[in-house]
Amino acid sequence: MNKLKTAILGATGYTGLELIKILLNHPQVDLFFLGANSNHGSTLKSLVSNRSIKKNIRVRRNLEILNIKNVDLIFSCLPHGELPKHLRKFKKLNSKIIDLGGDYRLNKKMNALWYKNKRSEESYKEFQYLIPEINGDKINSKKNISNPGCYATSIILGLAPINTMINNSQSIIVDTKSGTTGAGRSSKVEHSFSETDENLSTYKVGVHQHAPEIEQFIKKIFKKRVKILMVPHLLPIKRGIMSNIYIKNSSILHEEKIYREFKKFYSNSKFVRLLKGSMPSLQNVQNTNICEIGIKILPDKKTLLITSVIDNLIKGAAGQAVQNMNIAYGFDSNLGL
Amino acid sequence: MNKLKTAILGATGYTGLELIKILLNHPQVDLFFLGANSNHGSTLKSLVSNRSIKKNIRVRRNLEILNIKNVDLIFSCLPHGELPKHLRKFKKLNSKIIDLGGDYRLNKKMNALWYKNKRSEESYKEFQYLIPEINGDKINSKKNISNPGCYATSIILGLAPINTMINNSQSIIVDTKSGTTGAGRSSKVEHSFSETDENLSTYKVGVHQHAPEIEQFIKKIFKKRVKILMVPHLLPIKRGIMSNIYIKNSSILHEEKIYREFKKFYSNSKFVRLLKGSMPSLQNVQNTNICEIGIKILPDKKTLLITSVIDNLIKGAAGQAVQNMNIAYGFDSNLGL
Amino acid sequence: MNKLKTAILGATGYTGLELIKILLNHPQVDLFFLGANSNHGSTLKSLVSNRSIKKNIRVRRNLEILNIKNVDLIFSCLPHGELPKHLRKFKKLNSKIIDLGGDYRLNKKMNALWYKNKRSEESYKEFQYLIPEINGDKINSKKNISNPGCYATSIILGLAPINTMINNSQSIIVDTKSGTTGAGRSSKVEHSFSETDENLSTYKVGVHQHAPEIEQFIKKIFKKRVKILMVPHLLPIKRGIMSNIYIKNSSILHEEKIYREFKKFYSNSKFVRLLKGSMPSLQNVQNTNICEIGIKILPDKKTLLITSVIDNLIKGAAGQAVQNMNIAYGFDSNLGL
Amino acid sequence: MNKLKTAILGATGYTGLELIKILLNHPQVDLFFLGANSNHGSTLKSLVSNRSIKKNIRVRRNLEILNIKNVDLIFSCLPHGELPKHLRKFKKLNSKIIDLGGDYRLNKKMNALWYKNKRSEESYKEFQYLIPEINGDKINSKKNISNPGCYATSIILGLAPINTMINNSQSIIVDTKSGTTGAGRSSKVEHSFSETDENLSTYKVGVHQHAPEIEQFIKKIFKKRVKILMVPHLLPIKRGIMSNIYIKNSSILHEEKIYREFKKFYSNSKFVRLLKGSMPSLQNVQNTNICEIGIKILPDKKTLLITSVIDNLIKGAAGQAVQNMNIAYGFDSNLGL
């Protein structure tokens, strides 16, 4: 098989750069196009501090992709709202699109509610929201892929194995913390070093857009209506997400039994690591595509804590996108990762 | 009134140094003795970068205090177990003791359970556990004072105003995070910069010794038996604690009403700041004796989040100890703070 | 004597906030006006987490100061170029001005060269550049005060005692590092946490505007023409400056002798601390008005390293401004500090 | 050719872990033995968060290597003094040794002076100190390799191209800064997060053991006797070294000309990146084997600043060791890097 002729749009943000680094090592990918509206003109070599690049290319404007033929695959790291604006034009390229943004994660109704935008029903149907460990085996190869949000990934992977324990209309507390790269390259004063360093603060408490994303997925895949009570924090670190998920049960829980359920659920998952007798920390997963999960029954014996950690830029974005690509093209799920 | 002839034992740890800085500015205190088993011989001037010290003194060994007469007040920042070992000898000094350690926070039974030590019933009776905002008006002037733990302070101040909402045998989730000075001067590899920086990890999940401290206090003061499900984190920052307290209610909650309860409860408290319409962040309270509290009803409308932040070395230790001293001696509660 | 009726313009930046904290504790100051073009309307209480404020005031627009009579003293923390724009109007207030900005540090010629601005000769003559430890005894009480830059302070204090060792036309290497608050509240991407954390970078190498400021001062006070080769770094910390000053000598140097020269030079300086046998670190001076200096003869025996550390917001800005005020009004130099 | 049967001793320190990560991806290496006196029993999988390991092995005690036959190559990351203690025994294995420690960097005389140890002349002759970009073409394939120190690497790479500009007996100022992993896993209080964070301090000023290492190399390769005046700093970051090298010249310097000398010198070096018109920052090289160099003539026109940055664990240790291995075995110099 020929290598996939692959483009990245929005290539010079934090997610785009991680994607470049992964794809440069992927044996089935020919990374031939990098788009960015800022930084165009700079070279691949200057972007990644890596001398062993075989083919140095220049960053071009995003929409220059429209002039190119035979593009197999487009990873979109475009800012929110940009992909829908140009989707029709992109479709003429007949390339598969993997969107790392939030534009096609929510269904039409939720999108209207959370992002205040109006789009045709049609476009939503062209994207499949895909968490490889959970609905990767149900992939619809004709569709484009909507890559999950970073918080959503860490929380869904923590919740999925105990979905049978969850009641309908249960509300689930998720106390979750993210490093600063989750906000992208930011020029907000509140993201400056002077404001973030040595600090901890919450934001979008109860109103983060990844909550409906999780609720929608849980409903679709596990047929459960739950309420995700998300409390996100900005950590004074660069990368990593830790999500503490609290499940209240009506009867006494057994750690060993729950551990076995997780073990079974993820028996074929190369990128989920379950801990036994210890709890995760961010440094275990930074710079990897691993989701590490620890479980603990709290002292009332009826409250389960699931702690799930990922690298927001890799398992929460670029790495998972490549995992999804691998599935879509029938490669080994961990190829290049 | 003459100034209080005051000593600090264990004066060169992080808490001791904060205490020195506060007491040097306190108009009613004559800080005449600093004890430390390491660092003895060094001078007060070298400890605090402050030229305007009137009287420079040398650090001496802790037990040298026993040779001194007319000590009015001893602040003990000794390591766990040290104060009980020497308590009888200290008592001959007839000084009031304010213990910033954990030796007299739990009652005899809990102490035996959590700290595995056996002591006479008597000694516990000589110490009163005192949170100034809550039982400061019930102070027993004949007793020594046991100063609350840092986590416990942040959590109790968050819980107290809604104690009527709490049911007996309720279990309360507290997702709580602390800076590294909470562990004291540490030579553990896990507290090294290389291990802590850019990391986030939990520790003592469900088994932190401040949980029984909180439970015991809630039971004594509010007659409620609750289970505190504490999940502590080590933050890559030097100082500050943020505690997220989650209360599940059976019926719909009203933020405004709860806010008013908090407002009323803390109407006379100079060191508690309630936020309306925003949530706390650590930088608001670092280097102050303030506890900042924010409240938020989460999207299921039945779960209340109370976020409480303090500086662990000040409101969580040295500052609160001085507040307790002010109460014990009838000074203004914010004198010197 | 009545308290000085004092205003701060540009009061809500990092320097302004430090100044507020210091002046609130100053026994001779009545801080009655806070100006800021952003944040006006907010209260003093909300700016400083300090309950013991006697008089809560609101932040007003900077130019509202013009409507007020009997202002004794104005501290200006206005952005570069703002004070000269309004100086004529301010002069009608007949208040003394202490400028913490860079507008009146350089003489007319250098100002034109470095800041590309043209102003009347006259205005420069109204400001005296004042480093309290060095030319504080030559204060011209009729003039306004131009407060030195943060880097300049640390470097001049390190160089002054050995000015006799410096030859004319000598070029002096200064490898200097600053925390991020030196750049003020910044919305530049390069000052974001994601870009600054875990990083170290140089900037304005050889072209920092504090180099001519130092050269001009050395020339004026010590009659030496030197070239300051400044290499500034941005440190991933919030506050503090460390300046390493390297002096090459033609003959062998004696540490003890140089130490004694420093000791003598600063014998009356309450805010300079000389180290003997050890070298400074930033944590020794953070949150203080101290400049700590260490000296070391390097292994070739002819190169002297002078390491000078300060807190950029205090000794490098607000604290030194208050020191200058104390001198101007004949108060103790460390009053309120 | 068969893969090299390769062992790492001292495999669980920071350098050892980086080495593991690199060697796992090296096509010519069969990493079959990991030694460590602490952590033995743990698995390779648990050490590196990487699921795609083909062969999981257990960490064993370092000296168990002596029971194994046919070991081609040993990387030693043992603590100082350990390798010499056992060298005779290791020699019976007939393996090539690449020492990442400091035991064989200095010659006998300097070793005695700097490390106070006495060893036979012989052992020194068995090791060749090798900086791939500089004396890699003079490799003696019969010898073991002594891998340069991290500071030394950054400084030598900065100095080498202008060695003709350096005079005999010149003393060269090097203001250099390192992240904390340079100190290894540390249990010293001064390396704790609470002491290092938000701080900057110098250490071993003028007496760092990498200074004679550099002097010895410069003398041997370039026949110049120079004095390296090293001023090392501990940075509050995890990894990276920035060395500022200052060269005083008697006549006026031309940046373009010096740039061309550097360009020519490193024309075949894949891992040295010269900057033109900008200066390096640590984030450009972290997690890579690149040394980035910037040059700048300072305002006196006679002082040259060379800024050299590397990742201390990779180009300063594990990466360079693999580069040296590649040269020793005739592989492409960037294989696996």
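We just call them A, B, C and D in the order they show up, numbering each chain from 1.
Basically, a contact is a pair of C-beta atoms (placed from the backbone, for glycine too) under 8 Å apart; a residue touches a chain by one contact, two chains touch by 3 or more.
Just so you know, these numbers come straight off a predicted model, no measurement behind them.
S.K.: If you tally contacting C-beta pairs, which comes out ahead, A-C or B-C? Let me know.
M.R.: Per the contact counts, A-C leads.
S.K.: Average the CA atoms of each chain to get its centre, and name the chain whose centre is farthest from that of subunit B.
M.R.: D
S.K.: How many Å are there between the centre of subunit A and the centre of subunit C, using C-alpha atoms for each centre?
M.R.: Distance between chain centres, rounded to whole Å: 47 Å.
S.K.: From the mean C-alpha coordinate of subunit C to that of subunit D, what's the distance rounded to whole Å?
M.R.: 40
S.K.: Any idea how many Å lie between the Cα centroids of subunit B and subunit C?
M.R.: 37
S.K.: Taking each residue of subunit C in turn, which ones touch at least two of the other chains?
M.R.: Only 195, 197-198, 236-238 qualify.
S.K.: Contact residues on subunit C for subunit B in the complex?
M.R.: Where subunit C meets subunit B, its residues are 49-52, 197-198, 270-271, 273, 284-285, 287-288, 290, 292, 334, 337.
S.K.: What does subunit A use to touch subunit B in their complex?
M.R.: 171, 173, 175, 177, 195, 197-202, 205-207, 211, 227, 229, 231, 233, 235-240, 242, 244, 246, 248, 279-283, 286, 296-300, 302-303, 305, 307
S.K.: Along subunit B, where are the residues that touch subunit D in the complex?
M.R.: 14, 180-181, 183, 185-189, 191-198, 236-238
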